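Below is one structure; the comments refer to it alone.
Chain lettering (A, B, C, D and E) follows the sequence in which the chains are written, and residue indices restart at 1 in each chain.
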Amino acid sequence: MQEITRNALVEKASALLADGTVGRVLAWKRGEFDYDVTPAVFQTAEELARDLVWNDFCGANFSKYLIKETEKSDEKVLVFLKPCDTYSFNQLLTEHRFNREKVYVIGVPCAGMLDVEKVKKSAEGIASITEDSDKIVIETLFDGALTLDRASLLAERCINCKSKKHTAYDELLGEDGEVLDSARFDEVAAIEAMTPDERFAFWQNELSRCIRCNACRNVCPACTCEKCVFDNPASGLENKAASDSFEEKMFHIIRAFHVVGRCTDCGECSRVCPQQIPLHLLNRKFIKDIDNFYGEYQAGAEVGSRAPIVDYTTEDLEPNEAVERGDDNA
Amino acid sequence: MVDMKETLIPVVGVVTDIRIDTPDVKTFRVVTPDGKKAFDHMPGQCAMLSIPGVGEAMFSITSSPTNTEYMEFSIKKCGCVTEWLHSMEVGQQITIRGPYGNAFPVDTAFAGHDMLFIAGGIGLAPLRSVINYCRHYRDRYGKIDIVYGSRSMQDLVDYREIIEEWSKDAGVSVHLTIDREQPEWDGHVGFVPNYVKELGFSTDKIAILCGPPIMIKFTLAGLQEIGFDKTQVYTTLELRMKCGVGKCGRCNVGAKYVCKDGPVFRCDQIDELPDEY
Amino acid sequence: MQRIGVFVCHCGTNIAGTVDVKAVAEALQYEPGVVISKEYQYMCSQAGQDLIKEAIKENNLTGIVVCSCSPRMHEATFRKTAAAAGLNPYMVEIANIREQCSWVHKDIPTGTEKAIILGKAAVAKVNLNAPLTPGESPVTKRALVIGGGIAGIQTALDIADAGFPVDIVETKPTIGGKMAQLDKTFPTLDCAACILTPKMVDVAQNDKVRIFSYSEVTDVSGFVGNFEVTIKRRARYVKEDICTGCGLCTEKCPQKKVPNEFNLGMDNRRAIYIPFAQAVPKVATIDPDYCTMLKSGKCGVCSKVCTVGAIDYQAKDEYLTEKYGAIVVATGFNPISMEKFDEFAYSQSKDVITSLELERLMNAAGPTGGTLLRPSDGEHPHTIVFVQCVGSRCASCAEKGKEYCSKICCMYTAKHAMLIRDKYPDTDVYVFYIDVRTPGKNFDEFYRRAVEEYGVHYIKGMVGKVSPEGNKLKVRASDLIDGKQLHIDADLVVLAAAIEPDKSARPLATMLTASMDTNDFFTEAHPKLRPVESPTAGVFLSGACQGPKDIPETVSQAGAAASKVIGLLCKDKLTGNPCVAHSDEWMCNGCSTCEKVCPYGAITYQDKEFRMPDRTVKVRRVASVNEAVCQGCGACTVACMSGAMNLKGFTNQQIMAEVDAICK
Amino acid sequence: MQVTEYKPLIVAFCCNWCSYAGADLAGNNRLAYPADVKIIRVPCSCRVNPTFILRAFQRGADGVIICGCHPGDCHYTSGNYYTRRRMALLFSMLDYLGIERERTRVEWVSAAEGAKFAATMNDFVSTVAALGENKRLEDLRCKK
Amino acid sequence: MRKISLANLDALFAAIAAEETLYLPQDTEKGAVYAEWCEGATLSNALNTVRSPKDFFFPQTENLMDFKVEGKSIEIIDTRKECEDFVIFGVRACDVRSFEVLDRVFLSEPVDTYYKNRRDHGVIISMACTRPAETCFCQTFGIDAAAPEGDIVCHKTEDTLYLDAKTEKGETLLARLSALTEECDTSAVEAQQALIRERMAKLPLANLSASDFGADKTMEFFNRPEWKELSQSCLGCGTCTFVCPTCQCYDIKDFDTGHGIKRFRCWDSCMYSEFTRMAHGNNRLTQVERFRQRFMHKLVYYPTNNDGLFSCVGCGRCLAKCPINMNIVKVMKTLGGKDNG
């Protein structure tokens, strides 16, 4: 259950629209079903009152939308950011992707978001979903009502939440949290602990399901290139649907490499993957390695920080040792 | 089943002649390896040329169907396929498939009419096929007027053919214009739409327009000003064609597929399409 | 599509011996873009170059591939050839089928197959080459010489003679370097001071030369013709322009117990000192480590005695930034530490000394006034043992010594032995050696005189152990020729210590981006053909910083370096390397990642207006590269995610084409 | 029984200033190494984009080695330091994906180390040869 | 009508697989997928597969032809091969309809022989849906989940599978399986159909109507201002098009293998910003146009050219998979006035 109510968001946004602080509001919009929430731009208090939602399914990270949204006019854009979203927000500012002055950030505390896939796995034919503190009640079409532990339906990225602390905001609703000690690298470590053959089999199985829909890339707040190398025939890397399993590996390795030191581990890639490929495990591997090799670094923790991939010391470990070092940490 | 002809599989073509028309337009003559024309076509139809490894691109066939020996393509350099084509030498093989799209109604709607061809820049390429078809079957058509303009004298495609053949034909009037004054040019200077209005044609003709979108827009307006009806005006939207067979999903303007329903459209038909071209 | 000519060189039998060059030429003829493929005996010869030129003209070639020796050898040659035939020089690619093929592979099928693949890769690359035009940059007509020893002095003088201003930066309070510490010089036995000090005076008096003594280089930026160097002028607490060098302060200073480094610690100096009588600049320097005034604020004697008021206890290190067109490195050498050579008891006995210490002991201005006396008891030594190659040619003792030959030891030892025998005929002198190396004009004659006229005992063999016993040094050695063990009771043992580059060289090399070998000697641009240039453009090498050398060699190299500098400074403009990074502004998203990895600060950002396809105007932040500053490393190209940053001459597409061709 | 010896295909990226010169020196000194090694000259090891490495594997390479100046000796001062970090991360990722770690390597070879160059290549070729054909990063379309 | 006890299902599958390759939905940790049947494989109970079965006829990538290029000459190699017979089991009513939608594109002149080849050799065994999901809206497009089309139509009850051949292909196959099945009446099936129809009527999207859309309505919808708002959060990814059973946009590309050129066809998406970029420019410049194209195509353009047939089958995959939960239902509800208001 989210600490802040939907009405608090509506009131706040309406007030800021009314006094002219902002011209538009980026927030979550109600959909057909209780779990179906769409990012939307609101321009009037009426729209907000009618359609804004704030519930356990507001996973979408608005940071990347700000690039497009701030270009549209001179008015300020109000955006609601969850703690993890603020990391992406800062990272985008580090990369000069939009003008901070044109954004009004309201930080919203987050109690974790539910994984729609998990919800659907536990119930067929969902008629409605209601929250009741730590329980989720799902009314189904054919099987009556189900009551489930909220914790059991939390998204992986929320179970392993890295921070409840907003790293950027103009105004905060409720209390700010702390950076957490999460177990987010456990899954990576588990894969590292496999034999090379097992690792290969694991990733071959995962990546071969990729349909190259580019949802992971297009949702990724770190993927903001004017033109992606994979869309650019001149890059020599362009490919659309994979004709050979090599291409999926190429795409995902290079994509992960391109966001090294820039990925904030927001987890959107895994959330949107229609094939449920655990893409965050690629990015997290890089984050884990960076922490191990070069000292802890959290992209987006502050604006203007220098990522380890664009830095060095004269005493860095050798690439040939890196793999072994990885093992030791496994 | 696999004995069926597959339209996506091309045939080999050999480039037997390359003519430099303008600084960025070359005309390529293509035959099959055994020296024949790859396939028959009608004026306005297109063919897909390709260089394996570089890609495919659609071009209007600029030679007339009446030419039974070979096909010609006037191609402007823009993009990687055309760049490659421009760097070819005689004897190079390419692949060719087609013909694609509909044709100008040369034997139906056009028959017996006075013809007014209006082209800008590389826009002459698709019209050349029709012009030469009409010249070939001269008695089927009335008076032929050709208004052709380009940025400069050097940018006039097929200049030699225009001067040495077209303008010498009986009943064919050629009106050339260039955008800006040039010392060696003693002809008309000015943009095509204005020139058309200046020339003030009688309105009992079929007009065929081809050129950059902006030219088409203003010339059409100009024609209407001098009394033409949109049903008398034809143009071609070949630039939107990609796969050639109307299946790849790109060429449609509204519900019309340029590959199948076009590329030749009468201007009143275009009016019925949503504004997406 | 390019029109490419392929030219396969036989290089006599160097290539043709292991590579079927005809087969290579034939195989490459069918590669995309290739219109002509030829082979010839020596492509780099005039006839070979003419063949290329003619082919370019006849076939309207737009690019050429030369399959020959390493591009490091003749890329420039063939670029010039292409340029002479009207082809852009950057439309040339070299397939290295000699150093990286024919010379390392044995049989013809293997060599030929690989040569063809390397040729294909070069063809694939040249297909994507674009003509490049180098940018131009102005030349600052001033040179910097780092190091004020004989090498630096000579270089500075020669540059100044040509009319260009030159600055010398010397870390010591005086210039003069190692040569100022020497007594006599081989093979002429003339006095070092007599030939060096006039040069020191010359340089001091030359109005084109500025000397920054007691100073060091702390930062170098820029590039050939346009270096910007920060020089730290260490506080000497004496105003250089006021001090007359009278020396009164150095006599009155109460702090007398400062080891005198000029005499290698064999005597003491004051806390305020002038290193030696002929020092340039002849001004005093206060040693802050020993000066009581500076350490505790109590004393001030020197200030009181100074008649001109030159003392300034408040002085601070000063930094000045100067622009230079060329930089000469002349950081010289030092004997290696003898601490680790326990077998020679250097640390245990004062009477085991190094040759440089011996120089001071024999120098009239030295601690003993030129009389050879044992450091331990001031007695006259009667038996002296010289040990050669201590730490030199020492493959097995790399942890304490050097693998290379220090080159000068044989000669100076002969000099020492001869001088001792001449001055003290009652002395027995033994020299233990591995080999005696005396190539050089009048060198062998000099050595033979030591043996034949002066009766020096040269013994081929190793000294196994030196052990102090009483006032003697027991020397155990082997005589390899007679095959017996020798025991000598020596009064003095002189170690010919290996020499190594000065410790300041390594950080300096980093600042200069100049490369060094594993021994920290500066690498020359070419060991034979460009011996006084560093691979880093605009950086030149003078003296022992490049490798062990004696005075005549040092002086001639100093002159050579000067002439290279003069050649550079004579130019008004330099044409740069056109293989620099370039940002495709349409693809750049202004993220600043490339800027962070650029070692030269060549990338800046600006807001630019772009006309978008929908005819709106958008202001975007995009990167641009300063082509004069970019050195073309390519770090930015990999940092750039979108591929907006590319390196001309080594584009992503070109390298991938090479990869593809190799992996075909 | 006739066994054709398996010949791996090795792509070596060598920086122009140190390793390429080191390879030349190996040639000057006639220090042999297998012809399976094909060298691509790059200005600096930091020019090597991970995509080049994957591309080589896609196209049939069995091993990729990157050679640059020794850390601290980079002609461009810091290029190889970036290489070191980039490749450390990339190699670790490839290993994580179960791709044989021995197929990729970074070696620092100076212009003076002709012998090291030859020895490195000999060692790398035999290591890769022992692994056999690259199956895990291959593109079947590129197989003959 | 024939029937077989569910206990004998494996035998049925084995019998089919003995002669043709048999594909059926199988459960994985990440949802149901069509996979080749092999000993021990079980039929998924899931409503539908994550990816649609369009791959069987229009695979994500396929090689069209090869080229050998040497010097200036080119050799074209026709790599087409006669496809082997195969059977797809358990196709839902919506997906069966999608084949008709695809047929009208690929089998219209000029016939796409790659598609036809596979289509000719595929037998479709469909399966009625007893437990439709909240995202289902096939009935909007006149599809009856209780009575799918297909070569053979199946109904699965608690203990029995009922099979009914609807085409010649189906008859042939069913005849071959006659030893395993037994003739039966239609009462059980009819009972199930009644239940399905009752359930369908109760679905949240049961009342969604397509009547506002259809042939020749281009001008009515093309310039509607709502497109902008609907498309504003679209990521421009291809998820909806790739999970869609009827999306068939493709691209033809060449791949240089180093020893020849492969010309292949792969799925493309009209949602991609690069989709209509050609040498002369891009005629769908912003996501508004691309987004509009997709839905106009499904709801207007396709019906205009295909006798009013919609090219959406209401399978609900895009509703489930769109990263931002924008979908055709929301588009229809926003644009379609009177019935969906």
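In this text, a residue touches a chain if its C-beta (ideal position, glycine included) is under 8 Å from a C-beta of that chain, and two chains touch if they have at least 3 such contacts.
If you're wondering where the values come from, they're calculated on a predicted model, not measured in any experiment.
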{"item": "Any chain that touches subunit D and subunit C", "value": "A, E"}
{"item": "Comparison of A-C and A-D (more C-beta pairs in contact)", "value": "A-D"}
{"item": "Longest centre-to-centre distance from subunit B, chain (CA-based)", "value": "C"}
{"item": "Centre-most chain, if every chain is reduced to its averaged C-alpha atoms", "value": "D"}
{"item": "Centroid spacing, where centroids are CA-atom means, of subunit A and subunit E in whole angstrom", "value": "31"}
{"item": "Whole-Å gap separating subunit B and subunit E, where each centre is the average of the chain's CA atoms", "value": "39"}
{"item": "Centre-of-Cα separation between subunit E and subunit C, whole angstrom", "value": "72"}
{"item": "Approximate Å spacing (C-alpha centroids) for the pair subunit B, subunit D", "value": "53"}
{"item": "Where subunit D touches two or more other chains, by residue", "value": "50-51, 55, 59-60, 72, 78, 82, 86, 141-142"}
{"item": "Residues of subunit A engaged with two or more neighbouring chains", "value": "229, 236-237, 243, 309-311"}
{"item": "Where subunit E touches two or more other chains at once, by residue number", "value": "251, 253, 255-256, 258-259, 262, 268"}
{"item": "Subunit E - residues contacting subunit D, complex", "value": "255, 257-259, 262"}
{"item": "Partner subunit E, residues of subunit D touching it in the complex", "value": "59-60, 141-142, 144"}
{"item": "Of subunit E, residues touching subunit A in the complex", "value": "30-31, 47, 50-51, 60-61, 63, 131-135, 199, 202-205, 229, 232-233, 235-239, 241-243, 251, 253, 255, 262, 264, 266-269, 272-274, 319-321, 323-326, 329-330"}
{"item": "Residue ranges of subunit C touching subunit E (in the complex, touch as defined)", "value": "30, 613-614, 660, 663-664"}
{"item": "Complex contact set, residues of subunit C against subunit D", "value": "70-73, 96, 98-101, 103-106, 110-111, 113-114, 117-118, 121, 509-510, 513, 515-518, 523, 535-536, 579, 597, 599-600, 631-635, 637-639, 647, 650, 652, 655-656, 658-660, 662-664"}
